[in-house]
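Listed next: structures, encoded as structure tokens.
Two complexes come next, and they have one chain in common, chain A, joined by chain B in the first and chain C in the second.
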Partner chain A sequence: MKLNFSKEDFNKNKDNIMFNEDFVKNNFPNKRKENWKFTDLEKILNFKFKELSVYNKKNTITFNEKLQFDHYYLISINGNISKYNFGNGEKKFSSSSKFDTKDLLLKANKIHPFNNFTQDIKNDTLLAQNIAFADRGYNLELASSLSKPIVIYNIFKHDLENKFINISNEIKLLNSDITVIEYNIDYSNSSFFRSTFQIFDLNKSNLNYFIINKGSSKSYNYVRNKIKIDKSNYENYIFTSGTKFKKEDSEISLNSEDSSAKIMSAVFLKNDDHQEIQSTIRHKKPNCKSFQKIKNILKDGSKGIFQGKVHVSKEAQKTDAYQISKGLLLDQKSEFSTKPELEIYADDVKCSHGSTSGNIDEQAQYYLMSRGLSKKNATRLIVKGFLTDVISEIKNKDLKKIINSHLDDVINYEN
Partner chain B sequence: MLKIINLKASTGGKDILKGLNLEIKTGEVHAIMGPNGSGKSTLANVLSGKPGYDISGEINFEGKKLNNVPIEERAQNGIFLAFQYPLEIPGVNTSNFLRTAINSIRKAKGEKELDALSFIKLIKEKASELKIDEKFLSRQLNVGFSGGEKKKNEILQMKLLEPKLSVLDETDSGLDIDALRIVADGVNSYKNKDNSFLIITHYQRLLDYIKPDYIHVLSNGKIIKTGRSELGQQLEKTGYKYLN
Partner chain C sequence: MKNKELNSLKEYKYGFTTQIEDFKAPKGLTEETVRFISKIKKEPKWLLDWRLRAFKRLKSLKEPNWQKPKYPKIQYQDLYYFSSPKSLKDKPKSLDEVDPKLIETYKKLGIPLDEQKRLSGVAVDAVFDSVSVATTFKGELTKKGIIFCSISEAIQKHPSLVKKYLGSVIPLTDHYFATLNSAVFTDGSFVYIPPNVKCPMELSTYFRINASQTGQFERTLIIADKGSYVSYLEGCTAPMRDENQLHAANVELIALDDAEIKYSTVQNWYPGDEKGNGGIYNFVTKRGVCKGKNSKISWTQVETGSAITWKYPSCILQGDNSVGEFYSIAITNNHQKADTGTKMIHLGKNTKSKIISKGISAGNADNTYRGLVDINRKALHSRNYTQCDSLLMGNSCGAHTIPYIKNKNASSIIEHEATTSKINEDQLFYCNQRGLNQEEAVSLIVNGFCKEVLQQLPMEFAVEAQKLVSISLEGSVG
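What follows is the complex of A and B.
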């Protein structure tokens, strides 16, 4: 696979960065790397794309399919913020956009948020590429709570075939309690590769971060999250059914006492979709909690993967860490792989993990059918039931409704 | 309503029903008793269409051959099986399931589906008749239900789905005296001249509450004796041995 870009595509600050064009061009990670053992990106991209060209267009859009509940929003088109509404009507976003409150800052990223991590670049082509090419994304800073959730309408449109889109985002919270919903809608009907690097910096804050897909997407997505948690609680809910390929890597640091991190996911994979969630949660201080629940339903030769590592440092006594991953396989062709890892250096902790995968319970199917339900409807009920304990963790009623209907769409469309 | 002629059923190479004949007319209540392993549950399963059995002979329901009718169509046509061991289905909301079930059957009959409000009204009424706490309806289907709650839930489903033929497979097992009475009252209040029952039980106890028109003794895959309700009392005293 050939990677096309011009000198102009390089970010201005690339002089600070120790990499060269050849490195950026080559070497997508492959299964020889431990974190990529279930997802050979090199092979996957080579199989799909003959070439990828760096996408550098910036577009605006009128978007009228907003969710029916009270919220603020950003509209992003192909990764580029185009409009926003924080309660004073919809406004066009520009680098000089002003906000009524000094507690809120929204700007385009000038400096790549991962700039401080450039020492990692040597072994990390994806990071090097993102730093080299990321020309879009947002920087959101909040120093107080918002009364409404923020929806980020993440829209992809126009011809993106064989394009390589690089996005970098940053969310910084101080004394803030917010809910963010990344709502992905892909109208492009194209196969493209999207690489997103994000930093979440939480200080005395609560962040509930939801990722929901509307409809399906032929795109290939890689997301890297670096999440720093200080006296804060982070909750991540992943509902990305319908994406052809996705790998979401999260590196979470619980940096001060009484903090928590949660990753919950419920997805239905089909049509040889491939999705991986990989997390590393570092318990650095005492009395922190982490909780992970990953549920995959798999069909049509799809692949679901969860690699979850929990690292408890010597200092982190009274850590409470739990992870469970479950796969429900609807046919013989599909696969669910998990690799749980616990690395514990403290001696007074509660850490556990579990993983199961299995087929649909035929006795349950029979029971439901004996009440007049067709096999299809019986299967739907069981499949939805399998995902229910993830949905029941959602506290916001509006969101629960939206996600329920999202999952109903996904489940009722298939099988 | 139901006519079974020379029914044979085997599973995993093992013959269980070995030529069973039974006729249940509309409005009748029949009870089947018999020792463990005689084929009582197999008969119930085969009537409901449970997969995994090799069948020969004929089952006729309302004049139509039932042998190859799919499970859900049997339910839609009016056959109901109250399970001996109702399944726990995690994540499936009881009320949501009941609504899907009743609407599947209504739809098959060409009736209008119940909207949420009419359904809630109906389900509350039926649940209170069986002294089922409304809270159960919002719980996951049978998950963590006690034995008695599960059986009451079966009878609730029967009353909601209004079958023509109800097969109760050891519905009395695991019930305390109060629950037994509630379940029996539930059955009795539903019983009328247009529907029929096949009650499978080990004990006369249930039949003290629900009076059968006929009692059959099933042994080794065949009905070996048929009598009126006195037969049950006699069996209670003497056991099955004297029949052999």
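What follows is the complex of A and C.
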């Protein structure tokens, strides 16, 4: 695969000399790297793309398919924020404009959020590429709670065939309690590769972060999150059914006592979809909690992967960490692989993980059929039940409804 | 030169020396060493060629380095690859002829070599520094057609069996240590159970590392023919030594149709002193293949010794309906490190595997469970259950769980669970209240924690293992 870019694509205000052009061009991670053991990105990209060109266009559109509940929003086109509404009506956003009240700051990212994590850039092509090319994204800072959730409409449109989009985002919270919904809609009907690097910095805050896909997408997505948690609670809900390829890496540090992190995911994979969730949760201080629940339904030769690591340092006594990953395989071609990892250096802890994979319980199916359901409906019900386990954890009723109907669409359409 | 050495060996008389003199191959890992080992063991040409191929392959391989416990670089050129107690050149006909020093050492280790212990029903093929010393119970086993001898003997007497199966499970081209073993293996055990024979007793081998600077490269080959059954015990103890010693054995198990092999290990080699100096590197490759239908291989291990234990007894479940089991206790104390687990590779239909792993770390130790469960696309209706529990004692140790789980078909079910915790304080309090002191209470609780695995061991071993569990943790509570 060829990667096309010009000198102009390099970010101007950065010390770009550190990037070796040849390196940025060639080395996508492959399965020789432990983190990519189940996902050979090099192979996957080579299989799909003959060439990739760095995308640098910025567009705006009018968007009228907003969700039917009270919320604030950002509209982003191909990763570039174009409009926002924080209660004072919809406004236009340009990279130079600043939205600034006492407690809220929204601006375009000038400095790459990962600039301080460039130690191992030599072994990390995706990071090098993102720092070199990321020309879009937002920087959101909040110092008080918001009464309504923020929806980020992540829209992909226009001709993105064989494009390589690099995005970097940053969310900083202090004393705030918010819900953010990343709502991905792909109208482009093209295959492109999107690489997103995000930092979440939580201080005495609660963040509920949802990722929801509307409809299906032929895109290839890689997301890396760095999440720093200080006296805060972070909850991440992932509902990314329908994307061709997706790998979401989260590195979560629980940096002070009484913090918590939660990752919940329910996805329905089909048509050779390949999705991976990789999490590393570092318990650095005592009395922290982490909870992970990953559920995958797999069909038509799709691949679901979960690599979860819980690291408990010596100091982090009284840690409570739990992790469960479940795969439900609906046909012979699909695969579910997991690597649930525990690395523990403190003794007074409660850490456990579980992982199961299998097919539909025939007895349950039989039970339902003997009560008058067709085989199709019985399967649907079981599949729904399997995923509902995750949905029932959502506290926001509006969101619950939206996610429920999205999943229903996927399930009913398929079975 | 070599002939001269051989002649001089014959002059050895028992009792003249208290120290057993070693007979060593030239130092270093060279083609010459490989040829020397082969020659001194009077091996046929095919085996020499086989060794040389392994040696050639070895040159292009690199030592793996993905494991958790790191170790200082091993100077392969400074090791001796062959040494044997001199007295062995005139093969002893009975136990009385065996070097008394050896017998004494065995007695210390509690190996049932003498008449009294023979009644306990254990046949022993004792390996002392690479060469078999004595084999008992041959008569009874021969009557049933069972072959149980050293691998050197098997190469001479049953070449066709050895040729057919040697390297069939762990090929020459495997990883670094396995290939190293293939090139320079010195001795080991060979077992063949003919069709439809149930081996009437537990076969057992005790290994012991004695001569310093001698890497140990045993090779064990066990073949259970159709419908047969064998239970094999391997136990290890080693005396105090300062230098790190490498132990890279290969164990191959082959179970044909309806056969069952039960392989139990108690390993208590020198773990190094309290500061972490010395101790043995236990880098062993153990692999079994359930070749036939309805076959079964069961690994049980109690790992309490060694500075570094790095091994993954594995099962390749090739035959339909075959079963693989792995029961393990790994105890690490002081500066010991263990990176152990298993691989269950499901290829046949209706194959089942079960993994129970118990890790206990105390002191400054690190204990890692690393395992693979891979259910192949064609392994329909397969089943795996994995449970790995870790117990942490003290605040300087670590416990890690790294399972790789791959399910490639919908009709198979995998279940995996793992927990890590410390000793339950309520349980400790309960025991203390009833008059047990702290150490006794811990020992009792830990034994309870390990019970699921301990009960898989044959009787003789179970008692020993239980004691080992307590001894290994001595001084870790306080």
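By our rule, the second predicted complex is superposed on the first by the 406 of 415 C-alpha atoms of A that agree within 3 Å, B and C clash if a C-alpha of one lies under 4 Å from a C-alpha of the other, contacts with A are read in each partner's own complex, and residues count from 1 in each chain.
FYI, a contact is a pair of C-beta atoms (placed from the backbone, for glycine too) under 8 Å apart; a residue touches a chain by one contact, two chains touch by 3 or more.
Bear in mind that the values here come from a model prediction, so they are computed numbers and not experimental data.
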Next on the checklist: In this superposition, which partner touches a larger number of chain A residues, chain B or chain C?
Outcome noted: C
Checklist entry - Can A:A346 be said to touch chain B (first), chain C (second), both, or neither? => result second
Checklist entry - Which of the two partners, first being chain B and second being chain C, lies in contact with A:D389: first, second, both, or neither? => result first
Checklist entry - Between chain B (first) and chain C (second), which does A:L368 come into contact with in this model arrangement: first, second, both, or neither? => result first
Checklist entry - Does the superposition put A:D331 against chain B (first), chain C (second), both, or neither? => result second
Next on the checklist: After the superposition on A, what does A:G358 contact: first (chain B), second (chain C), both or neither?
Outcome noted: second
Next on the checklist: Once chain A of both complexes is superposed, is A:N139 in touch with chain B (first), chain C (second), both, or neither?
Outcome noted: neither
Next on the checklist: After the superposition on A, what does A:N80 contact: first (chain B), second (chain C), both or neither?
Outcome noted: neither
Checklist entry - Now for A:K314: first (chain B), second (chain C), both, or neither, which partner does it touch? => result second
Next on the checklist: Applying the document's definition of touch, where does A:T243 land relative to chain B and chain C: first, second, both, or neither?
Outcome noted: neither
Checklist entry - Do chain B and chain C land on any of the same chain A residues, and which? => result none
Checklist entry - For the complex, which residues does chain B have touching chain A? => result 48-51, 70-72, 74-76, 80-81, 83, 86-87, 89-93, 96-97, 100-102, 104-105, 108, 140-141, 157, 161
Checklist entry - Which of the residues in chain A end up touching chain C in this complex? => result 34, 37-38, 314, 317, 327, 329-359
Checklist outcome for this item: In the complex, chain C touches chain A at residues 66, 377, 380, 390, 392-422
Item to check | Of all residues in chain A, those that touch chain B in their complex | outcome: 361-364, 366-375, 377-378, 381-382, 384-389
